[in-house]
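Right after this note come the structures.
You will see two complexes here that share subunit A, one where it goes with subunit B and one where it goes with subunit C.
Coming up: the complex of A and B.
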């Protein structure tokens, strides 16, 4: 079966990618000026105390040895212990993952729910000058407002009129759904505006190009109803670019919506990784980045499988002609 | 009497980034039920625009400046979308050039045919339709996606979709241009037999005068957005009243001169940006006089044909080319 070979091939590439990422993140973290002992000893550490700290955590070993040691442990699923808190890194990431995942999932769903219908609408009205201009304007506006500007506006507005929403005050979703939603609504909306614009634009362009294909003209020529044509002939054919940007957007959110997490005090993974960078908490940073890369690669593989499901010409049987 | 297709002085232009292009520069045409009409022209002659206009399938950057086109007395430019949709569904059938792009690439053939048949489609009616277009015994075809079929099979399926509701008028624009030559006759014969079986009329658009005249009783030659000559095929082949028709015949295989060579038409077909003042063919025409550049020729009805040329009688009288 070609589809399984295809997946196996993609998994192979994914492993190579992750191996590369592990090298890059290891080097990046260790070559950042200032190191762990500077952080815990401060500017007054003597060369002797610094050497002691380095020896204690194995930071005096050759870089290659440290790397291989870390890689072997990671491959066994052991992310090590945080140098700052002494807690296992994995436990901390697992504790924080639900907030990040919830943020990413909800923002993506909201972006799809708004972006796709808006994109279809502006795609099918693009035959008029007004529709064309309106569609472009919405897309450009949504995509060009930076998240921190939007977030600041929201924080400001909802600190005056709360409307039952809160800035901060996160509790896990399954502990108290209502309080959770009150805290998560603003960050989700803030995050999703860019996604809405992205998906709206992509949907619009894709719908526009599919509706100019002959098979849509043929459907019109057969007297099919316009809503039927859009549902049956346009959407599926237009959906591959939409799936592409949606998955990239989703993976990007999972990898770290740092500004929004910070701004709305959402205790997510991104905040943790950035704090760890500041503390030169090598293992935590390495684990966080490698995890984000894994998520990204996995989601892309899933997207490839979805492509093959959408379009029978991808990955399936060969043409007979 | 109601004619099936009635085109009156139709002028259609395209607005392109580089300015306006006139695709139809005043086309008039009548088609009775049961007739087969071939429309011949080079690319850019306006024949595809005319074909699309029959179902008002013109792209959004086109505009009708004047004139009208009616099918069974309903103007397709009348603005009644629902009536136009029913007209397309029940009266018209379109066959496009490339079946691979005219079929939805993500839908199985069986389902596409069922949709073309309409809400009452059943497995049996889909099978029956497949066998009408020569794809019988074909459970595999029903389950196939378009890219899994050969070009000829796909065009048969596309024809099946066009005739699914027994249209009164079938418009086929270069239906064999994307197919291997040996399939050409099969597909055209299928189209003709479908038409004669149901009494439908056929408008066949092609660049090939010989092909058109083999299958269609009437032939219209288009040039520069106008019909320049219209006659029964025998009449047209016996003698040509328009220099362009004559040039087309002389440039087609089978018309080699004594030296064994064809005489291609000099120059390129025009891109017209406004209604031509004189005759659009004048710059390439061996019969050109001052008159041809200055005075727009009007359709002359002669005994056996209509022709759009100031010197039609001289051309007719002259046996060999100019």
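Coming up: the complex of A and C.
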């Protein structure tokens, strides 16, 4: 029962958060300098032609009226029509979502697959100088190389020596899996390096703190095998921080892999939103940002539920607070 | 072996100087097939009559016809009108092709032309191009295949204005019936028709089966890939996903060094980079004409071309260098003498104006990399006359707002497109007529009159003499400064396609002959 109260509480907070996001994003896109008619008419716009465009797209109506109209439509699942293309924004987002989701899922899985074992290894070998240094080095390198630097190196190298991979050339996964993987490998690797470092460092710190606890010492004293100790006593107790960073990382990728999407021509949601910002395509920006916020909030709720399942004390504490 | 060969091969870098490039001549050509073009920008809107952006027009060119068009050297050529006649200084009669049809199969008739041009001229449409057509008194359909345009006054640039895609002929019957909306779809009588558009990803065109050009287009399909990142576009060319690519990076030939199957071509255009100067802000040092003139004299256009554009441009004039009449602008003070002598004059003017330690703000947009490079070179040059320049790079919409809506700048680096008649771009120097630069441009009645006179004077010695006077007045006002020309950089796979690239372009249509591009047989 306590877990349901906890979920209801988190959902309530999420709705308030999203309402706040909707106001902020609406204000941000409407009140920054430069408007849709500026983009469309460019230098050659006159006050008269600007007025024509504003009236044509309903941009001359009061901001509050525009906001309420948009909010009501969005609540019904109608994200409106793109000013740039005249096509439904929802259709554009749905078309692009698979590329972004695939990129985020693959990058996260790769980051976990590499980061967690490396973190455990450097955590349990922390008493050796080599293990400590290697762990720190890998973590620092991965976290400090910016995505655009790594991406630029990959683009340069693989546009000369393709090695079976392509820079761009995305096709949907289910249309041609092989071509898709050839096009997605480089962006996935580029994107996952930071995640590897993040997860590796978090895992290492978490493992270090758990291994110094008494129940692990007791397990060692009982003569349990090291792999069993790690699996049964260390990993489960060390997993909450790892779940936290992995969740945040995954949610971040879903909403913000813009540099990688652009560099490798992945037709994802992030490129769409950024191009829409450039074009002041208000409804597309609002929908994209609100959706990203919704995904972020939803994933965090799911993470909270996972915490509560891993450690039942958490759900109780949080719902009480 | 393969890698070693790649390092040994040389790259091809051509500058088209007055000659048409036809690659692959002698190779056997495949029938049909797909031509794939990688370009950096997506369309901003879909209405050819209102969109001002040259990057967007490139999506219109394969679809729409205009009454007339331009040839290899910006000469006026038949478009959907197979012939025309100027029956009086103010009357033009166009004879339409009888075999022209829209991609839905309906023949193009005079009513489509009349309706399209009237839509451009209708203030409610908000077309930015309407003013370049001059004072049109009426456009009349005479039968199904003849159109007469009556002007209130002679307007020499009319044909060049009609060659622009902003006067595209759209299917008016369908438009009036509400079955075609030019703001949401493209339908014309050109060589291709759009079959699929994936926003920010690709455009797919099929050959228009009703196209009037015999045996054209050669390819069955044209695909435009939107690849924002320049390196990714190069990669697409290298691995053969793209046959042709268009670029802005002046370092492209260096980047493609060693790719023997990629040819890089620089195509001259009538467009040039220019510097807007805010002369109406009393707070700005450029309110004083002497400071503007000093700044103009201090510029070293050759260095801008050499450093910012990697030598891929050339000094340009208010009258674009593509036109032979541009030499009238070459002798004005800011283009004459050595840089040292000009700097001396500039310093004297600054002293006369009492301008010391001047601090100014120069805007540009990060949307086009070359603009930022040019701004940096100018900043360095102006330090020679004790002008301290702060460069602000803005996002596109913010830039438009700052410069053309609010006028919040001292200097602004931008570009102008030259089109097919020198008087079209000169019209920009009359703020009373254009309106868009009236908030930062000093209106000079005498200059405005001369420009109007040049616009109505037929080509010839009298017009050239007017151009010379105009150039001197423009240089003297130093309110909008032509810098260096803005060439197109095109790269293509010489082992995959035969292309035809013309030496001079005025309307941003760098692949004007794309309907003649053909795949080379494997």
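One rule holds in what follows: the second predicted complex is superposed on the first by the 314 of 321 C-alpha atoms of A that agree within 3 Å, B and C clash if a C-alpha of one lies under 4 Å from a C-alpha of the other, contacts with A are read in each partner's own complex, and residues count from 1 in each chain.
Definition applied: a residue touches a chain if its C-beta (ideal position, glycine included) is under 8 Å from a C-beta of that chain, and two chains touch if they have at least 3 such contacts.
Keep in mind that what you see is a predicted model, and the values were worked out from it rather than measured.
*Asks:* Given the superposition on subunit A, are subunit B and subunit C in a clash or a fit?
*Replies:* fit
*Asks:* Contacts for A:236 in the overlay, against subunit B (first) and subunit C (second): which applies, first, second, both or neither?
*Replies:* first
*Asks:* So in the superposed three-chain picture, is A:258 touching just subunit B, just subunit C, both, or none of them (first/second/both/neither)?
*Replies:* Once the two structures are laid over each other on A, A:258 reaches no partner at all.
*Asks:* Considering only the touch criterion stated at the top, classify A:85 as touching first (subunit B), second (subunit C), both, or neither.
*Replies:* second
*Asks:* Looking at subunit A, which partner touches more of its residues: subunit C or subunit B?
*Replies:* Residues of subunit A touched, subunit B against subunit C: more for C.
*Asks:* Between subunit B (first) and subunit C (second), which, if any, makes contact with A:308: first, second, both or neither?
*Replies:* A:308 contacts neither subunit B nor subunit C.
*Asks:* Which partner does A:35 contact after superposing on A: first (subunit B), second (subunit C), both, neither?
*Replies:* The second partner, subunit C, only.
*Asks:* For the superposed three-chain arrangement, provide the angle subunit B-subunit A-subunit C between C-alpha centres, rounded in steps of 10 degrees.
*Replies:* 150
*Asks:* Touch check for A:173: first (subunit B), second (subunit C), both, or neither?
*Replies:* So A:173 meets neither subunit B nor subunit C here.
*Asks:* After the two structures are laid over each other on chain A, how near do the C-alpha atoms of subunit B and subunit C get, in Å?
*Replies:* In this superposition, no C-alpha atom of subunit B lies closer than 49 Å to one of subunit C.
*Asks:* Indicate the residue numbers of subunit A shared between its subunit B interface and its subunit C interface, in ascending order.
*Replies:* none
*Asks:* Can you check the complex and tell me which residues of subunit B touch subunit A?
*Replies:* These residues of subunit B touch subunit A: 52, 55, 57, 59-60, 85-90, 92-94, 96-98, 101-107, 115-116, 145, 147-151, 158, 161-162, 164.
*Asks:* Quick check on the complex: what are the subunit A residues that touch subunit C?
*Replies:* 32-35, 38-46, 48-50, 52-53, 82, 84-87, 92, 95, 152, 155-156, 158-162, 166-169, 262-265, 267, 271-272, 275, 277-280
*Asks:* Subunit B touches which residues of subunit A in the complex?
*Replies:* My answer: residues 127, 212-215, 217-225, 232-233, 236-237, 310-313, 317, 319-321.
*Asks:* Show me the residue ranges of subunit C that touch subunit A in the complex, using the header's touch definition.
*Replies:* On the subunit C side, the touching residues are 3, 6, 42-46, 50-53, 123-124, 126, 128, 181, 183-184, 197-201, 225, 227-229, 231-232, 234-236, 238-239, 241, 367, 395-405, 414, 434-437.
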